[in-house]
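Sharing a structure with you now.
We just call them A, B, C and D in the order they show up, numbering each chain from 1.
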Amino acid sequence: MIGYAFMGRAHSQAWRTVASAFEVPAVARRVIVGRDEEAVAEAADRLDWEEHATDWREVIAREDIDIVDICTPGFLHAEIAIAALEAGKHVLCEKPLANDTAEAEAMVAAALAAQDRGQIAALGHTYRRVPALRQAQELVASGRLGEIRQVRAAYLQDWLTDENAGMSWRLRKETAGSGALGDIGSHAIDQIQFVTGLSVTAVRGRLATLVTERPGPDGPEAVTVDDAAWATLELDGGAIASVEASRMTTGRKNALSLEVYGTRGALRFDLENLNELWFLDATLPAAEQGFTRVLVTEPEHPYLAAWWPQGHVLGWENAFSNQARDLLVAVRDRETAEAPGYSPDFADGLALQRVLDAIIASDAADGATVTL
Amino acid sequence: MIGYAFMGRAHSQAWRTVASAFEVPAVARRVIVGRDEEAVAEAADRLDWEEHATDWREVIAREDIDIVDICTPGFLHAEIAIAALEAGKHVLCEKPLANDTAEAEAMVAAALAAQDRGQIAALGHTYRRVPALRQAQELVASGRLGEIRQVRAAYLQDWLTDENAGMSWRLRKETAGSGALGDIGSHAIDQIQFVTGLSVTAVRGRLATLVTERPGPDGPEAVTVDDAAWATLELDGGAIASVEASRMTTGRKNALSLEVYGTRGALRFDLENLNELWFLDATLPAAEQGFTRVLVTEPEHPYLAAWWPQGHVLGWENAFSNQARDLLVAVRDRETAEAPGYSPDFADGLALQRVLDAIIASDAADGATVTL
Amino acid sequence: MIGYAFMGRAHSQAWRTVASAFEVPAVARRVIVGRDEEAVAEAADRLDWEEHATDWREVIAREDIDIVDICTPGFLHAEIAIAALEAGKHVLCEKPLANDTAEAEAMVAAALAAQDRGQIAALGHTYRRVPALRQAQELVASGRLGEIRQVRAAYLQDWLTDENAGMSWRLRKETAGSGALGDIGSHAIDQIQFVTGLSVTAVRGRLATLVTERPGPDGPEAVTVDDAAWATLELDGGAIASVEASRMTTGRKNALSLEVYGTRGALRFDLENLNELWFLDATLPAAEQGFTRVLVTEPEHPYLAAWWPQGHVLGWENAFSNQARDLLVAVRDRETAEAPGYSPDFADGLALQRVLDAIIASDAADGATVTL
Amino acid sequence: MIGYAFMGRAHSQAWRTVASAFEVPAVARRVIVGRDEEAVAEAADRLDWEEHATDWREVIAREDIDIVDICTPGFLHAEIAIAALEAGKHVLCEKPLANDTAEAEAMVAAALAAQDRGQIAALGHTYRRVPALRQAQELVASGRLGEIRQVRAAYLQDWLTDENAGMSWRLRKETAGSGALGDIGSHAIDQIQFVTGLSVTAVRGRLATLVTERPGPDGPEAVTVDDAAWATLELDGGAIASVEASRMTTGRKNALSLEVYGTRGALRFDLENLNELWFLDATLPAAEQGFTRVLVTEPEHPYLAAWWPQGHVLGWENAFSNQARDLLVAVRDRETAEAPGYSPDFADGLALQRVLDAIIASDAADGATVTL
């Protein structure tokens, strides 16, 4: 694993936990890598890794490493991932795939070559492993919602509400790429595509910077990324999705919400109550219709048989263990037989990046439709 | 109509409204009766009654009066209701039926005699006309919950939380009969019996006065009724219901809640969101089970075809119009053909009074079971 | 009152009820007007009007008529309203003000002239009289939310979900003007402006017809209005609001939702639970912050002192009585003294119409910003 | 750690995780103990323990063991705990403390002696480490609710709803001690005492077996424990709490709910949404009062600074890590300085056992008050 900050901690938790919950191939936590020797040594100790190292190139060259888990900031993803894939390793790369489309395209090229060699190039859109969202995807895939007509997604946070909160690298275009759109809007769009199984074919978008300058060490500095973003997405087959992302919605802490409306049913989800899926079956008699709060903690639900008894709820971190499980199973299956695809992969990340780019391009073109 | 306070206002609203919502026989609002000439004249004007009067005996003797609606304080119910029934009128009497069991028995006797003459003696347990509770009753009656095993009911208010709130007639046993138990617990128990269709066969009860004295005009006075009450009720067939009533539950405004658990399903209701019924169908696959929020505003729901389009919610007062509708229809049916029973009637009120008495008796006997 | 369909019934309920709830000047329900003699006679009887008539011109000429309440379909609003204002009457006109901007401008001209003569020209955006929304408006006006930065509004219904539901006048541009946008999106936009007190200065919009043809008597016909609409609105001072309206969102019955995010607080509302306002005070300590469910049934809340005790919830129809109260009080105040403005008036309706037109124009221009 | 079933798995998760979340003394997972050699070896591997063993006596004699974590069935608790305490170890014992009061008293005696030697005898009422419940306890302790007057607690599950579910040791008095009361009602009562800081002084109780026989291998067998239990508890100072526990409440999966009503405020909690605490501040103006949904994921909340960013919710299992943290800190503090008490300890477990016994005794005495 390369990187040991917030995401490194979440991934470590997953690697430590996965084998106690799931029947998976053995996994050893070999090396954690970071640039700061002292800090990474402390992290190895705290996060329970066997060794630590400061040179990721040496580590990916090691024979005893099968999987490289990339938790660094985004601008390092491409270089590391491509090298790891070329070194014959399976790779799990945190989202966003890359900082720009050119990098992402190079990564996809490396991934395709590697996949031909039986390697996996996995992207860390971990929310696809939240059981309720997986259950949602299965309901749609099985036709329980009929044909999808309309989708609403939003990701609302509030940690930038305070206009006196200082300038940081996350608020500069050069370092962060984009703001709310790329940071959290990307999750919302990934969920739309994952749950409905439909791809975005065209977009109209709008970005806004609601607090245009913030205090820096030497006085006010311009914020050059978006605080909030809105888009409408056309999906395969004509359904339309709306997306809204904001880091300025006072009081909303981590509210990734998704609503899917089809001809035969509908569903709703909110990440702040991630054990619940609200499902409406429009084929029931009118007098009994309504959104059903399904507490997604039954053994019949995705991933749940491995966890606790019914009603014992999961938290945000469990999705990372579920992701680790899926990756380990995919690695095992790759090695033994005909390989079912692992998703999301680098190509999914590139496709998502193109949707984000299209939204930015639409905003730059005063809201004009951009086709993908 | 006799009485023009809070309940008189709610009943007036119903009589004024019923014919614009429902197909019912014509109803004229002839006379409103009260002891204070000036006040009742003002009420007649404001509440839109044709005439006012101060002597209820004269009014019930009038030929042009078919229905007598009694909205007076409870201690006047027996005298007026018996006289009205003897005068050949249909009667709608607000709850509680009477202040004590002896009075209630006399009223039931008068009602039985009157029913033989084709009259109706109706009791105003209006919550039976809240559409979601009626829908609940129909679900249970149709077997959708299977055999009922357990019920939970509570009626929680908070208007006595302030210990400096002064003494009043409602807090003295002589004038009020009982406290939270009779005032609001009675509603909870009526709903248990109405929705499940089961009768109470035995009880254990507990009463408590949590603020034992309150300021009166000449210093502290003892509160002699209960602030809160708890009971377990055995129902026909062995199900057990719990009931809790309190006027001291800070922040709960009018929270009559009901939960019914059966072998095949369950349901939940809360009067503060009275357009919603939560229904769980335990025969569905486990992965799809959960409480469904049914917004009871569809034309297929009880009473709703008469009101507004779907999703346009009703309020507390509409239940009174629904009650007026049921009474007018029952009156019409009585006059034309074989008469289906109107419920709740005076006998239901007496039966409820006996349950309340049994709870009080149980508390007095240190919680011992009292059989009905 | 002219018109006796759904809206006529709701308005009749209000005129019948207003004086029993509020201290207002006397109001007689003189004449109800409709084109079909038999039907309007029946309506007069059922809705409790003194007389009925078929010629609205005769009625507005009568001396004993002070207020003309227009509940006809939209294409008749302009002619009747202008005539009534010219005849010296106060006018309450249901929304939408008119079918097109030219008509609306003529109505505003007539209203301005009439207002100079002391008349009121009121528009029926009744949701402004829902107590929770009025409470929301007061919280914003008093500065409790600080500076407004972001707003989210949606109005979601599902009565067009069934693609086999037949063609009707509401689905043709010639007769209906627009679809979801004008029908329900207009409510959402009115609420944004009402609650925040901010005006729309520019828009980007998108419309979509998700079911493009529907069965007519002679085979499939093209649907020529929008099933769903999306827009972002720029508000005075730079805040941005998103709006979404749809009649295809399966399972959403009457879900007008509003979320307002400011620098010091936030609030949320949903018309399906119209007695609740969710308020977040961002100046509280972080450990105690959260959305508070205020049950808007206290005497301290707008309009509530006139209704029932705390916790006894109101329904959709009560907002019409509240509106009648405000209009009667405004009429009284006009006649006695310096006149505070009544809002919303015809000018508000015209301004709203211009926002809707701008959204349509933006969609026609491939999403380009349209400035107001 | 002794025992490796459901609870053993949850505790292992905690010991594995605690040091990556919290600043705590180093903890090595030395030995896991079970009777079945093969199974415990497999558990050691899966749950990541250094060694496994089959003889707990040998293990507690080891010098390199500081803490003994007892996750066995209840009937083994006393013997192991007393031996471990006598061997000078700190002990964490899962609830219930013991199967009967005599055992519990012996354990408390051993604990008192051990505590004098600086050892900790901790009881695993883990829900005290759910952050929202800890926050609730702190709000009450700081006086934000004023004087507590009334409490409502329930623990509702549904895994015995099916009357064809077979007989098991949990349904026999000899092996299980009691039914819903001891299994889950005990949690509810512990929470009442923990959150309010008040002790139970007297009880009235009722138990019921709703399905009296269930299929065994040789035909129907009698169920000899309670399916459901109800009690009212008198608390220090006169407040009254109601408790209800059931394993027959269809559709309720793991619904431990708590409501606390005081003179200055109130709070509500439900374990199925364990990241939420609903708090009402009754000192606010009436128009702004209501239950506030506090999402207990802020760094200012108990335990939360160690976990994830705000809005990233925790699951059921995190409470076990929080418990491990508190125990490790208490061990450290014991060793270094004056020792603050660890709670809950064995004496708390005995006190709770006496409340449960009193409820059973009350039921046996037809509901009579039993004083503690």
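FYI, a residue touches a chain if its C-beta (ideal position, glycine included) is under 8 Å from a C-beta of that chain, and two chains touch if they have at least 3 such contacts.
Just so it is clear, the model here is predicted, and its values are computed rather than measured.
Enquirer: Sharing over half of the contact pairs with A-B by residue number is what counts; pick that pair out of C-D, B-C or A-C.
Expert: Interface equivalent to A-B, from the options C-D, B-C or A-C: C-D.
Enquirer: Could you tell me which pair, C-D or B-D, is linked by more C-beta pairs in contact?
Expert: B-D
Enquirer: Quick check on chain A against chain D: do more than half of the interface residue numbers occur in both copies, making it same, or fewer, making it different?
Expert: Same residues, largely: of all residue numbers at this interface, over half are found in both copies.
Enquirer: For the Cα fit of chain A against chain C, please give the angle of the superposing rotation, nearest 5 degrees.
Expert: 180
Enquirer: Using mean Cα positions as chain centres, tell me which chain lies farthest from chain C.
Expert: D
Enquirer: Provide the C-alpha centroid distance between chain B and chain D, rounded to the nearest whole angstrom.
Expert: That pair's centroid distance is 41 Å.
Enquirer: List the centre-to-centre spacing of chain A and chain D in whole Å, with centres computed as mean CA coordinates.
Expert: Computed from C-alpha means, the inter-chain centre distance equals 36 Å.
Enquirer: Centre to centre, by mean C-alpha position, how many angstrom separate chain C and chain D?
Expert: 54
Enquirer: Show the residues in chain A shared as contacts by 2 or more other chains, in ascending order.
Expert: In chain A, the residues touching two or more other chains are 252, 289-291, 295.
Enquirer: Tell me the shape of the graph of touching chains, choosing from line, ring, star, complete and other.
Expert: Contact pattern: complete, every chain touching every other.
Enquirer: Touching chain C in the complex: which residues of chain D?
Expert: 135, 279, 281, 285-295, 298-301
Enquirer: For the complex, which residues does chain C have touching chain B?
Expert: 6, 9-10, 12-13, 16-17, 19-20, 46-48, 157, 159, 252-255, 271-275, 295, 297, 308-318
Enquirer: Can you list the residues on chain C that touch chain A in the complex?
Expert: Chain C residues touching chain A: 149-150, 152, 154, 158, 161, 163, 204, 206, 208, 210, 228, 230, 232, 238-240, 242, 244, 246, 248-252, 259, 261-266, 280, 282, 289-291, 362, 366-369.
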